[in-house]
Structures are given as structure tokens and as C-alpha cells.
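In the two complexes below, chain A is the common chain; its partner is chain B in one and chain C in the other.
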Partner chain A sequence: MESRKITFGGKNGLHARPISSLVALVKSLDSQIMISTSKKQVKASSAFALLSLGITCGTELEIVATGGEESQNADKVVEFFNSITE
Partner chain B sequence: MKRIDKIQNFGRALSAMVMPNIGAFIAWGLITAIFMPTGWWPNATIDHLREPLLNYLLPLLIGYTGGYNVAGKRGGVIGAISTAGVVVGGNVPMFVGAMIMGPLSAWIIKKFDEKVEGHIRPGFEMLVDNFSLGIIGMILAIIGFLTLGNTVTWLSMWVGEGIKWLMMKHLLPLVSVIIEPAKVMFLNNAVNHGILTPLGVAQAEEFGKSIIFMLESNPGPGFGMLMAYWVFGKGIEKSSAPGAVLIQFIGGIHEIYYPYVFSRPRIIIAPICGSSACILFLLYVKAGLIGVISPGSIISVILMSPRGETLLLVSGVLIAAIVSFLISAPIIKNSSAVEKMAENKFTPKYKQKHDSSVKKSCAEIHHIIFACDAGMGSSALAASSFQKRLKQITDSVSVKHASVSSVPQEADVVVCLSALVGRAEHSAPWAEIIPLENFLQDPALDELLSRFSKNERELFSVENIYINQKADDKFSAIRMVGEALVKGGYVNRKYIDAMIERENVSSVYMGQGVALPHGTEEAKLEIISSGIVVFGFPQGVDFEGEKAYILLGVAGKGDDHMKILEHLGETLEDEEKLSRLLHATTKEDIYEILK
Partner chain C sequence: MAKNPKMQTRLSNSLTVSQNKMILSSSSSVAKGIAIGKAFVFSREHIGSETKTEEDALSMFRSSLLNSHKEIEDLAKNNSIMEAQLAFLEDDYLKDTVEEFILDGKTASEALDLALKKIEEELLEIDDEYLRSRIQDVKDIFFRLKKNLGDSSQGLFQGLEKGDVLVARTLFPSELSQIDLTLLSGIVTGDGGASSHISIMAAGYSLPLVVALGDKVNEIKPKDKLIVDASMAKVYLSPDVETLREYECLLKHSSCQDDIIEDSINLPNGEKVSVFANVASLDDVRQAMRNGADGIGIFRTEFLYLSSMQAPTEQEQFQIYRDAVLFSNGKPITFRTCDIGGDKQVPFLELKHEDNPFLGLRAIRMCLRLRPDILRTQLRALLRASAYGELRIMIPMISSLDEMVSVKNIFNECREELRSKGVSFAEHVPLGMMIETPASVFLISEFVKISDFFSIGTNDLTQYILAVDRANPDVAPLYKQTSEAVLSAVKMVIGVSRQNSVECGMCGELAADESMTEKLLRMGLGEFSVPVGMVQKIKHRIVDFTVNEKE
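Up next is the complex of A and B:
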């Protein structure tokens, strides 16, 4: 189990478009990815669950990868989040 | 069109030639009042201005305006040319001649222009334009000079003699019996500026003053009646009367009191008697006014009074007011039952009709036009007071005023008194017509205003749910969703294009049979207030191989967007709720799941 902590930097929050991309990314990985905020923890493969987190600019996130190439996959998700600026 | 509408329109055509030029009439009236030999400050040199202004400027302006109203600037020019012919041909101020020649010659040049349009060799347009107007204008001026000049002089003298006869026999007060009802039928401008002003000016030229200016414009009768409503009225009639008094008596906008007449038709007897009493008094003391009273305000009366007669004329106005008040009072006090009947008689006819016409949402309303007969008095007043209220809610809607006969193309909503609805429908069939009983306080105005206020619109309701829909592809499905958002008053039409654009950037299909169509970030400006619509497509809509059965159209203003998505996410994340949503068969079920 690999875990990473980041602060979300997308100006407009984690809205529908990046969520679609994230779900697509997560589905291509061989680890199970969970994302949690102070509110709750959800599966990153469910778009609706991600929406329900209501992630806005400045929200602190924890990314947890289990199984498969855990470390590598966790980094890929972090990289994805960091690429979102708007 | 009904006959009354036709009469009003004809009257409107007459008064529309005079009303834009009232300022010139006032300039002439002031010069006369101040500088004529018996004026406040006699000055023989400046007094020379008087005759040319009256005999040339005013008829030419009327002829120009009359032509302009028919055929634009070319119509105006030829109207002025032919009016000049009549002016020189006669020896009375040629207002009637101008009112005939102006529109007539403009109509002729318009027909000519239509005939030659498209047949002119390129490069010759200016030559043909200028010479056609010049030659036709020349012919009309000569015809006017040789024929109409004398005819109109003869006609004017005949009418003038008729009025003198009425005055001599002391029958002039009786004309109130015709004028007062005609006024409240919205023929006020037609009667005053179409008929009385030219007669009055002719008489003033002969005797230095005329009582004719007082026949229609006297603010006294309406003032007295409104005061009676203020003292003895009940409810909205009482509370709105003080404002109406101010607008009518000082502002000179008489239309404001017509609805008070409609609510008790027999009260018309009060202004009739008031006006008659005033005319009788003025005839007895031989008082008259120098120029046009427009608007019909007490201030205009004072300014247009000959030196030494101000007190007499103000007394005349007050006599009219007192008589009208005394007659109105018992009618108002004893007729609350009758009033209800009258209200029922007057309003439902229009209201019912109105209900069937399409009510526009705030997204479809960009231009609101307040309309009255002339488009200058009561409509301007109502428009500015409504604009003040609307400004507190939104800046993006323009509020203007116009004549009910010439509503501008861009009007989305036309607001007018219910007696003018017929004419409004005729001149602006594309617009929503809102009939009013009262220009200042009317529930219909509050309703119109409420369409723009955000609190009135809910984010989501059963009406926002559309089930059993069908679409050929995802784009037409998204357009349907967008149309529903527009219809709900949540977004401007441009938002729909932004939804398509958003789909092109990346799909709004979110998985598990659900898509969340929404606009781009830039299109947030097109959102009026946040809202959600739901579309059910039992056969599914194809999103790149996956099928969406439920489309949730989202328009979130500001931070609302993320909040709405978060809320939807919370609901749809729940597998049980998602499955219920996908299998729901009634709007109510869907509403229960999503609310």
C-alpha cells in the first residue's frame, strides 16, 4: 500500500472534465486507487464518488494505491492531479 | 382590428405630426406671451419673429414630420416642399394644409421610389433620387399653391366661424360632453393636437389668445376627480391617488387618471361638468391662452397665460377641479359594489386572452417596451419608474417607451394599459403583451419583475424533469437539455452552444448510464441562475459506444457548479439510488430521488 498527500491546485475545483480523465487513468492502472479528503474515502474509479468529494482549490487529498505497481501508480495519479491548474 | 383601435390609430397619425414639434409651438408661444405688444415685456423688434414662426416654421415642421412618418427623410423633405406651396397659397396658418400635404406627398414619393427601385442604372442613383424628389416636389408645391391654399383658408375660416358661433351662443361648454369621453378612450392626443391645436393657433393669431387650448388640456377636471379618490377612495385607489395627482396636475400626463374612470365608468360625468364649468367661466370673463398647453400641466397653463390673466386662468382650472371633485365624491362613496362589477367587466376580457398567450421567461426578455398612445407621456413615466425597480435586480434588460402604434422590432414584452391591448397586438404580434390597469401600481408589473428575481426560481422542480425522451445522437440530446434550461429561465440561449462545445472538448458521459451535460467555464456568464434539468431517454443516447439513459443538465452560477456536482455525486454514488433513477418511470419518482 502506497500513500501520497497533496493539496489540490485546480482553480475551478475537480469538476466533471478532469474527473472523466482521472477515471480513465485509474481504470488503466493495475492498482486499486482510493482518494480521501477530510470528509470521506472513495474509489477513484467511480466518477460520481469523486464528484461527491466536492474537491475545490486548496482541498487536501490523500491518494492510496493497493496492489500491482503501487508506488509507480500512486505517482501517476499525483502527477495527474498536479497537472490540473485550472 | 376593432373600430375604436382604427379611430385611435388615425388620431395617432394626426397627433404624431404635431407632437414631436410641441417644443416649437412652445417657443412660439413664449415669444408671443413675453414680447407681443400686450406681453410681459413688449419688444417690437423681437416681436417680428412671431409671424414667420407661426406662418412658416410651424406648418413646415408639421409637413416635414407628417411626411417623415410616412416615408422617412425623403418623405419629410417632399412634405415640407409641398407644405410650402400651401403656406404661400393661403393666408391663415396652414396646419390643416400641412397635415394633408405632408403625408400625401410622402406617399407619392414612396410609391415612385418603389416603382423605380431596381431599375436605375448603377451610378445614376443620386441623380434619380435628387431630381425625382425635386420635380415631384415642385409639381406638388404648385398644385398646393394654386388649389389647396385657398381651399384650406376657406375651410379654416368656416371652422373658425363655427367655433365663434358656438362661443357666441354659449354652447362651447357642451363640447366637453364629447371631449372628455374621447380623452379616456385614448383619443386625447388626436383630439388635442390633431384638431384643437391648429384651430387654437389660428384663433390666437386673430385675437391674441384662445380658449380652445383649454378645452382638452385643462388639468382641473382630472385633478378634482383624483383628489376625490384620494379622500373618499379605498384600498389601492386611495393609496395610488396622491402619486397620480402629482403626475397629472404638475407633470401634465393625463393618461394616469383614465383607469380611475374605467373603474367606475359613470364618474365620467364629473370631468365633463368640471370642464364645462371652466369653459363657461372663461367665456364669461373673456379669458384665453396664448399658446399650446402641452403637457396639460398647471405650470403650462401659467406660462401660457396672457399678462394680467394668469389669476383668471388658474381660477378656471380650480373651478373645474372643485366641480369635478364635488361630483366625483358621492359617486366614489356610494359605489363600492358597482366598482367590483366594473372591475370584473373590464379586466377579465384582457386577462383571459392574455393567459393563453405565451409568457416569456427572463432569459427571453431583453427589451421591455412601455407603450401609450403617443409614446411620450405616461409610457415614459411608467418605463422610468419600472426601470428603477428592475435595476435593483438586473442591468441586462433595456426598458424603453414607445407609441403603441409603432413598437420597435426588438421588443420582447410590451406593457400597456388594457384599453390599448388591441393596438399593441396589431403592431407587435411577436411580443408578449402585458395589460395594465394602472401604470404605477399593478400586480402585473410585480409579476413581470418577479420573473427576474432569483429567489423566485427554484434550482430544481418537477417541471424540470422530462421523461420518455428520444434523440438521434448525443448532440441533439444535449441541445434538448439546453433548451429546457433556457425554458426554465436558468440560462441564455448561448449556453446551449457552450454545452456542445464542452462535449467536443471531452465527453460529459460520466459512466453507469449517466451524462452531465453542462457549458464551458467561459459560458458561466450566460447563466442567469443555477438550475438542473433531468432528461430520461429509455432507449439510451449513444456516447461513443456507451449509452446514457439519464442526462442531468447542469447550470451552476459561480461556486454553485461544484456544489451541484458534489450533491449529484453523493446521490449517484449510492448504487441503490442510481439504479432506482435509471429505472424510474414517473417524474415524481425522479424528483424524490434527486431532490
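Up next is the complex of A and C:
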């Protein structure tokens, strides 16, 4: 299990379009990815679950990768989140 | 003797038995051409059984999921918002939630409602307002799922295969609109009544159509081999080898289509002429684009009203209009607001019986006098769809300046309403009108000041100018769109529009009359709007004209 903590920086929050890109990324990885906020933890492969997290600019996130290339995959997800600025 | 040639031929309708098992002939063929295929005999009997099993509900939902996926994939080619919807549609959470309700004993439709409610409640807990507003996308997905559920739940056309000839005693436009018409090779009906809409739809797909076969249609059994010769108004039932070979040969010959002209055409004088398509459904729009139309000249919206038991909601309409705009691949699309009432009765309106429906409370008159809310809902839905492409709005049956001014005021109020809610729409959405009443022709020099564009609807205009009811066989021969009276009205409208630089098109049958193309071009018509199946024919006539002119 690998875990990373980041602060989300996208101005408009994690909305439908970045969610769909994230889901596509997560499905291509060989680890199970969980994302949690202070309120709840969800599977990053579910678009509805991600939307329900209500991630906005400044939300603190924890990314947890289990199985497969855990460390590498967790980094990829972090990299994705950091690339979202809008 | 018989003054009406139509009546005369009807008497001679006969059922000829020859070497072919049977030849069924009728006086009425509308769309021309030949089709060879096996019969799909349509009946309403096997439907209506509401005792659906759990398995039925599951398979209905899954096929809706598949169809919706295909649709959104298509739409996503032109729009990234639609692409994002795929991730939600593919989410197992959606599938599991709906299926759980089905396994709980709910119908597919109920399960969708309950699942949407559940997901909506979860999303309402989100703190951020912008993200919360994404619930609209989710609703959009569920609307689509439900719509596609409707298609398969009817099961009216279960077992229909590609290339079949649709055979029916009677057929309603709302039923025909439930299938992909590109699957059919031809249509045969017993009834002649209510055929005008069917014939418009058939013509749109170049489907050979023979109507008014009467009881003879009962002779046709499922899977019978048929030849439909619409040009001769004949149907061959189980034809012999020789006849079949003959027709196969003809069919091969006629399907050698000319090259498809994709672009609009430049005349020798430098002016551009466009050929648009007349459509009445999303499938039509896709077919029009495949046929190289320069855009959609008239998207008839009646089907939304005729097929439902209540007025379609803004969201339902928005989704269909938006999809139509996206399917148009960046080409312009003109929506006509609902032309209901009069002879097109809508159950939920509960309109009074009229002795003269064509002169009565129909189209914009009904909207302004009886149900402005219907017009407002439609205008808001159209404005919202304008954010996705080049969209124009056209008002039917205008017969006074006051009416157009009232519509413009309502239109502006709808814009303000959307603006105040922060809903996006295109800054400039042209608002135009049909020219189909003699009054609008006489007032054309005034209308150029308040209408952004015109489209001459020659079907109704002819009937009003000539005072002929085309549905009455005793006077039907008097109905001629090419009559001098109609042509002089057309000439006047085109002339005044050109002088005032207001775009003017034509969407009636006259525009699709190949023998009139040259005459209309000489009058200065710049936009022809024709049935989908006629787009290329008219484009070729226009090219012929330009070639001849250059010589």
C-alpha cells in the first residue's frame, strides 16, 4: 500500500471532464486506487463516487494505491491531480 | 365521365393473379422507387402486456445502456462535455444501482427514476455549488437512458431485420418514428388515411412507399418475399423468378447514385446556393449529413408533442435539440417551433373540435392565444441548445405583424430569464418565420424589418392562395404548387427579401420539384430545403444549371 497526500489546485473543482480523464487513467493502472477527503473514501474508478466527493480548490486529498506497481501508480495519480489548474 | 383521374384509377384497383403469386396494385404511391425484401408485418396486438418479468426489465435496461453508449460516443466526436458523460455511463455504480431496484421488483423505468433520485440525493450533499450543478449532466444521462428504454419497451418492431419491407394495415407517424428507417427497404400500407406524414418520412429516406392497398394488404404474411414498385403503385407478393430477376436488375441500375456533392454550390454570378434537408427526428439529421446536406432547413418539432401524453419538458427538449445540433457537424440547423393544433391533434391540449382546422387555432396562434407556456418552454430549450452550434429558430403560421412582435418579446424575455440564471446560450440566435399565409406575402416589405430570415412553406401557402383542400379528392387536382398564382407570390417574397438583404429559403414541395429548380434559381432563391432523399438530386440540378449558364 502506497499513500500520498496533496492539496487539490483546480480552480473549478474536480468536475465531469477531469473526472472522466481520471477514471480512464485509473482503469489503465494495475493497482486499486482509493481517494479520500476528510469526509469519506471512494474508489477512483467510479465517476459518480468521485463527483460525490465534491473536491474543490484547496481540498486535501489522500491517494492510496494497493497492489501492482503501487508506488509508481500513486505517483501517476498525483501527477494527474497536479496537472489540473482550471 | 370521371372528372377526377384519381377516382378513376381507384376503381380499377385490382388484384391480379398471374404467374406471380399475386400482384397488389393501388392508386397511391407517394415515394417512388423499387424495393425487394421480405415482409415484416406490423401489428399492435402483441404489445401492451404490462406483466414484464424481472429478466425483461433487466434486458431492457441493458439494451438501453448499450444504445445510449453508442449515441453518446457519436455525440462526443463533436463535444468534450459529452465525452465526460461516457465515464458516468460506464460507471458500474450506475448499472448496479439501477439493477438493484429491478431485482427489487421494479420495472426498468421505475428503477431508472429511483436510481436517479438516489444518486441525486447523494450529490446534493456536495458543498460546492458549481459541482452540485453537475447534477444536470447526471439527469441528462438518465433522460437518455429512459428515452432509449422507450424504444425497446414498445417492442413494436421486434424481429425487424435490415432490408425488410414494412407492411401495415395502418401506421402512425409516432410509430414509424420509433425505428431506424435506414433499416427498411420499403413500406406498404392498407390505409391511405394519415399517410401524408408517413410519405414525408418515407421520402426523406428515399423509401419506396405504396399506400391505400385496402384489404389486399391482409394477403401479405410475415416473411413473404415482396417487390414494391412504388413508381407503378404495385406490390408483387411472392414473385416468380423472372419478375424477381427483372426487378433486381432495375434496382441495381437505379442504385448507381451520382457522386455525392458535399458543399454548397457557387453560381456563375458568384452567389452561393445551399441545399438543406427537411427533417423530423434525430435519425433524419444523421441521414441528412450522410447525404451531403449543407445543413437542416427545417427541423419539425411536432413529434415531441404528438407522441407524448404531456407537454415535453424543457430538459427533454433541450437534450434532443442539443443532440441535433451536434449531429449537424457544425452546419446550420433551423428549428421550427411546434406546429400543432388544427388538424394535428395533441391529446394533452384538449383542443375544441374545429370545423375549419386549417383556418383555426394552430401553430403560433395556438401558442400565443392558448398556451404561451408551451412556446416559452420550447424557446428556452432551443436557446440552451444554441450554445452547441449554429442554430436558428423559425415560427410557423404568422399572419400578422403583431404576432411576430409578440413572439419577439417572449423570445427576449426567455433570453433574459436564462441570462439571469447564468445559463449559457449563443449571443445571436436568428429568429425567423415561415411564409405560408397569403397575409405574410402581402406584408413581406414590413416583415423584412422584424424577421431575421424567411422560409417559404409552399405546401400550406399553395392551399391558402388557391383555396384548395388538398386532402379532398374532388378538388385535389386543383392543388398545384407550380400555379402562376403561387409562383408570383414566391417571386415577390424572394425579390423583396433580396432587396433588403434578408435570407430567404424555401422548404415546401416546390423546392424539391426538379423541374422547377432552374426557375427558382432565376428568381434568386439561395436556399432550397428538401426531403433528405432529394438533397443530391436538387444539388445535381443546380450544378446542371450552373454548367448550362457558363456555356
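The rule we apply is simple: the second predicted complex is superposed on the first by the 86 of 86 C-alpha atoms of A that agree within 3 Å, B and C clash if a C-alpha of one lies under 4 Å from a C-alpha of the other, contacts with A are read in each partner's own complex, and residues count from 1 in each chain.
Here, a contact is a pair of C-beta atoms (placed from the backbone, for glycine too) under 8 Å apart; a residue touches a chain by one contact, two chains touch by 3 or more.
It should be emphasised that the depicted structure is a prediction, and the values quoted were computed from it without experimental measurement.
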First, second, both or neither for A:83, with chain B first and chain C second: neither
Chain B versus chain C as contact partner of A:3, first or second or both or neither: neither
Chain B versus chain C as contact partner of A:56, first or second or both or neither: both
Contacts of A:48 with chain B and chain C, given as first, second, both or neither: both
First, second, both or neither for A:13, with chain B first and chain C second: both
Those residues of chain A which chain B touches in one complex and chain C touches in the other: 12-13, 15-17, 19-20, 23, 46-49, 51-52, 54, 56
Residues of chain A that touch chain C when the two form their complex: 12-17, 19-20, 23-24, 46-49, 51-52, 54-56
Interface residues, chain A side, partner chain B - complex: 12-13, 15-17, 19-21, 23, 42, 46-54, 56, 86
Residues of chain B defined as touching chain A within the complex: 502, 505-512, 514, 516, 518, 521, 561-563, 565-573, 578
Of chain C, residues touching chain A in the complex: 80-81, 83-88, 90-94, 119, 122-123, 125-128, 130-132, 134, 137-138
